[in-house]
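Got a structure for you, questions after.
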Amino acid sequence: MPFRVLVANRGEIALRIIRACHEEGLEAIAVYSDADRLSPQVRAADHAVPIGPSPPSESYLRIDRLLEAARRTGASAVHPGYGFLAERAAFAQAVEDAGLVFVGPPARAIRAMGDKTEARRRMQAAGVPIVPGLTVPVTDPDAARRAAAELGFPVLVKAAAGGGGRGMRVVQAPEELAGALETAASEAGKAFGDPAVYLEKYIERPRHVEIQILADRERTVHLGERECSIQRRHQKLVEEAPSVALTPELRQRMGQAAVAAARAVDYRSAGTCEFLLAPDGSFYFLEMNTRIQVEHPVTELVYGVDLVREQLRIAQGLPMRVPATPLAPRGWALECRITSEDPAHGFLPSTGRIEYLRVPAGPGVRWDGGFEVGDEVGLHYDSLLGKVVVWGATREEAVRRMRRALEELVISGVATNQAFHLRLLADDAFLRGEFASQFLDRRPDLLAAQLSDDQMTALAVAAALAEDEARAIRKPVVGDEIAATRWRLAGLWDGLRG
Amino acid sequence: MKYFVTIGGREIPVEVKGDRVTVAGREYQAHLAPVPGTPLRQLLLGDRSLTVAMQSGGRGAWRLESRGLRLDLEVVDERTRHIRDLAGPGAGRTGGGQVRSPMPGLVVRLLVEPGETVEAGAGLVVLEAMKMENELRAHGPGRVTAVLVAPGQAVEKGQPLVELAPLST
Amino acid sequence: MPFRVLVANRGEIALRIIRACHEEGLEAIAVYSDADRLSPQVRAADHAVPIGPSPPSESYLRIDRLLEAARRTGASAVHPGYGFLAERAAFAQAVEDAGLVFVGPPARAIRAMGDKTEARRRMQAAGVPIVPGLTVPVTDPDAARRAAAELGFPVLVKAAAGGGGRGMRVVQAPEELAGALETAASEAGKAFGDPAVYLEKYIERPRHVEIQILADRERTVHLGERECSIQRRHQKLVEEAPSVALTPELRQRMGQAAVAAARAVDYRSAGTCEFLLAPDGSFYFLEMNTRIQVEHPVTELVYGVDLVREQLRIAQGLPMRVPATPLAPRGWALECRITSEDPAHGFLPSTGRIEYLRVPAGPGVRWDGGFEVGDEVGLHYDSLLGKVVVWGATREEAVRRMRRALEELVISGVATNQAFHLRLLADDAFLRGEFASQFLDRRPDLLAAQLSDDQMTALAVAAALAEDEARAIRKPVVGDEIAATRWRLAGLWDGLRG
Amino acid sequence: MKYFVTIGGREIPVEVKGDRVTVAGREYQAHLAPVPGTPLRQLLLGDRSLTVAMQSGGRGAWRLESRGLRLDLEVVDERTRHIRDLAGPGAGRTGGGQVRSPMPGLVVRLLVEPGETVEAGAGLVVLEAMKMENELRAHGPGRVTAVLVAPGQAVEKGQPLVELAPLST
């Protein structure tokens, strides 16, 4: 019986997984909500099954419907992608209980890492360095204030479940603590169904560095780091591999810590250990993301390993194809996330139908997209439209190539953050690699649209010529002709009457 | 024909005569060609090349997209501009002290009440969209004259949320 | 003064060069014929200059107009691409004489390699193995017959100038010789302006293997081989690197022969030595292509070197960035040429406007295209629309990825050879790497369209549903309404009269 | 409604009833949705997914493109098919012994003269297009009854070049 994979996701990651299935010679089954009838995942898959209305709570988050779709199509395995149910132990468990393979870690590993407080305890026990903080959730403002005073401000309020910046608040002073606890708990409750939050020491000006892990039955290996410091409101915007901040020796130490973390929970498949890297070179385990990451392509480009295909192999009980000799990154890779967020309006979500799309191509450019011409970009789902990923022999070459690629990209019909990326890539501090996680907070200038005089002149001429032409060709159109005919007819009637 | 193009708060006069345009004191050969089956137009201004997505909003309004920048331009001829000048500055502007929703979303919390005085940057309304809470802030100091929405209410893009009056100092 | 590059070409290679310019931080100037006003090269370049009517003889082959465009735009250098004037020594000379840099070898190296007969003599002198044959052009049928008898049939009649299969004929028996001489000379005269042809021994079942060369002022290095055996009428369709037929030792020997060939003519920039590789492992220098090749991307993918960017560096007098240590290919790369040729109609050229284009993307896929939605594909120029290039860790992975990529590609508006490539990539002999240059001549089955019952059923349903829907919504359209109004008006007149 | 779809020389009956189709003896739920702004339509046949570029030629003629294959299909209903059957086989065919140009190009050489007898595969006309000389050959043995073009002449796609009569044996 062929190994068939149901892809329980949408957008670019669903397409990414379907591509990997096809390259592994496996059939792919897409699921789709009402809004996604024509989506790229439906078009790319061999089979497609409807799973309900557009709100995620009625489709992509419905374990029962996903399992029913798997049963109906004879799926052997389920790949959760990222987001949605990817890090819900209950989903992995339900898939296992249905006799199917979950393409990811075992439910118990997700459970162990999913409770951040519990995970911190385990990591401490396994000898992985962690950020000083509470190892139990906190709700009482007074208790929180005492703990914060002990840790020393600033402190971070953080959701026990989940990640991605939601349910996270930096608190600079005691009087802000109560409000932050409330907001974070509210967001966490909504996003993850669990309002538990905890407190930890806030490391100032850290870099956000994460280590990629891959584990099969026999081996657990790391595939180096990704630098994810360019974030806005804790949402990553630009990622790269390797990081300018890591020496081969530090890479080796952080890699070993990540491998130890994964082994501590009997990890399988692809996963990522997030670390804060302080300016003094000390690093702290933050959490493990028990799924494939949005930014996994930068690792793939510098290590020559296809992480999603390896996930599929591991899920089939096959050994991963990663050589046993220690790997070193080759060249440099960058990823820019293209989102339907309008930097001209405070990065607020933009909606609309994609009227035209021209994806960047040519040497060293990879486009992982999740939409096509004709697709509606709505508010039900994440704003990530696609990822431009480039490889270059050096960081400088990769940056130049990314700039070229971003200049080629044309998305018409919805506002995006494309121009922001172009500004960032021209920024001296970014080019020198001198940035930390709060880089964008200190650089609001990068968020504002910039237009040179030359550009402005050219655009003004384009508009004037277009208007001039529109006026010249504004002739009686068909509708007018009908009206004119009717008018003559009416005149005729009048004549008859008169 | 002479046009006045408003772009990013600036007005740029452009004179069009057949395939020649005069702009910023220089005359160029210019050619704008539509790319069939796309919203793109290809501009050659002298030998400079630029491809722009263009959409007409009617009455001289154009939306241009170039390298990810989305710009709303207005093109008027001399006569129209003259009539506008006569009507006086500010004519045609709308929405003065209204804070509008910049996107469709759900009102999560109200942070102000009618009568309250706020400073520039003060939070007014928390809106949820795309799984994120977004706080809408006051652009300048003012007094809240009306709150037009309630928590839990779904709002459209452009819908007025709060009315502010300038502080009478 | 900035280094500005005029790109004296069109199509995918023009776009490729413009991309390289931008990644090197150089301005690019496009030229365009009347037919190419909206072409990708015009859209991608910083400047664009018209150079005349659509026929190449009145535009892309006009040295005077190209130099005038360079002068007008203040260009520092001219990149010729491939085809058109790329291998005309007179063009390189004219560029040099105008005080500009020719991005390619010196005119004298082109001249030395351009005359195939002369080149064979030089190569023989430099110790590079060559195919037995005449070293002077032949016109007299009797002389040709005597020479052919000496070499032994089959023999090959070949244009002294040019390449790419034009002016080339295989002759199996003496009585075919006179006709072949005439046709080859006629084609050669038309294609290259020089009807001279010569004769050589025809190597049966050879592989067509070529070695990439890169030379700056200091060094001449080779970047391994490309296998180009999948050809139709001497036009390459699929290329790969490395070749299944080469061991590292043979690669080293062929590489050294190619380096010797390049050094014998004081070569600079990128170039390619073509060899015939016989089944017994012996190899023969065929010719040197003194330009960037269509298939250069497969080398770039396995060596991590950007050949066009290195050309631009060498042209600026900079050293190439290729490490001095001997390089080895990493993984496997494949290229499929997508042409506007209809395999269902004997690969005859197809024309039309591109209505829709969806390029392949995702991991390991590179698309080097030369057209966009809205472009007209006409008969003035080469039928190459674009190239799908993939990288995989092994040949098998590369082939699977290529199949996935070709299934993603959608070109609507013009017939292409895309389906042929998909058939080829599913063929057992191809998958085993068992093929030689005449592979396609012996496999006409690969040229015919194939459709499974399942596909046929699905397509029939699609057509029936579309027809059913079209009938349901066929309502009076605007034109009918006008007609109806006029008809009523006419009836009214009749009523008035009657 | 029952349709008969001709594809690649085969006729496939397809019965359409609302969102259900019966084909090859099986009934499926089927849904064909156009992708806005493109020539594509997305077909779900049961849970099988297929995206096809489709273009209507009118009167039941459809051109489909799928994975690089370009196919011309004809869809007729039962009544039309019945009328055709009455008109007899072969009705509507044209062009019998004419060899037509498969593409636009330039006639380089004529390889036959009127009256000449040719075998299957014999060269008739050499045509140049896209810088390549292409030899057009006879599909079967015949006698040349007319040569309709001359060297140097530009020809359109579909233009008759040579007329052949079958050999009377």
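Things to note:
For reference, chains read A, B, C and D in written order, and residue numbers begin at 1 within each chain.
We take it that a contact is a pair of C-beta atoms (placed from the backbone, for glycine too) under 8 Å apart; a residue touches a chain by one contact, two chains touch by 3 or more.
All of these numbers come straight from a predicted model, not from anything done at the bench.
Under the touch definition stated at the top, chain A and chain C share these contacting partners: B, D.
Simply put, of A-D and A-B, more C-beta pairs touch at A-B.
Farthest chain from chain A, judged by C-alpha centroids: D. For the pair chain B and chain D, the distance between mean C-alpha positions equals 53 Å. For the pair chain B and chain C, the distance between C-alpha centroids works out to 47 Å. Chain centres here are Cα means. That of chain A falls 30 Å from that of chain B.
The multi-chain contact residues of chain B, meaning those touching 2 or more other chains, are 38, 40, 48, 51. The residues of chain A that reach two or more other chains are 355-356, 372-373, 407, listed in rising order.
By the touch rule above, chain C contacts chain A in their complex via residues 15-16, 19-20, 22-25, 44, 297, 300, 304, 306, 308, 321, 330-331, 356, 358-359, 361-369, 372-373, 393, 397, 400-401, 403-404, 407-408, 478-479, 481-482, 485-486, 488-489, 492, 496.
Interface residues of chain A facing chain D in the complex, by the touch rule stated above, are 29-30, 37-38, 42-43, 45-49, 72-73, 353-356, 372-374. Across the complex, chain A is touched by residues 1, 3, 5, 7-8, 10, 12, 14, 16, 21, 23-24, 28, 30, 32, 38-41, 43, 45, 48, 50-54, 56, 60, 62, 64-71, 73, 75, 102-105, 129-134, 157 of chain B.
Across the complex, chain D meets chain A through its residues 33, 35-38, 40, 42, 44, 47-49, 51.
Chain C contributes residues 166, 183, 187, 190-191, 233, 342, 344-346, 348-351, 355-356, 379, 381-383, 406-407, 409-412, 415-422, 449, 451, 453, 455-470 to its touches with chain D in the complex.
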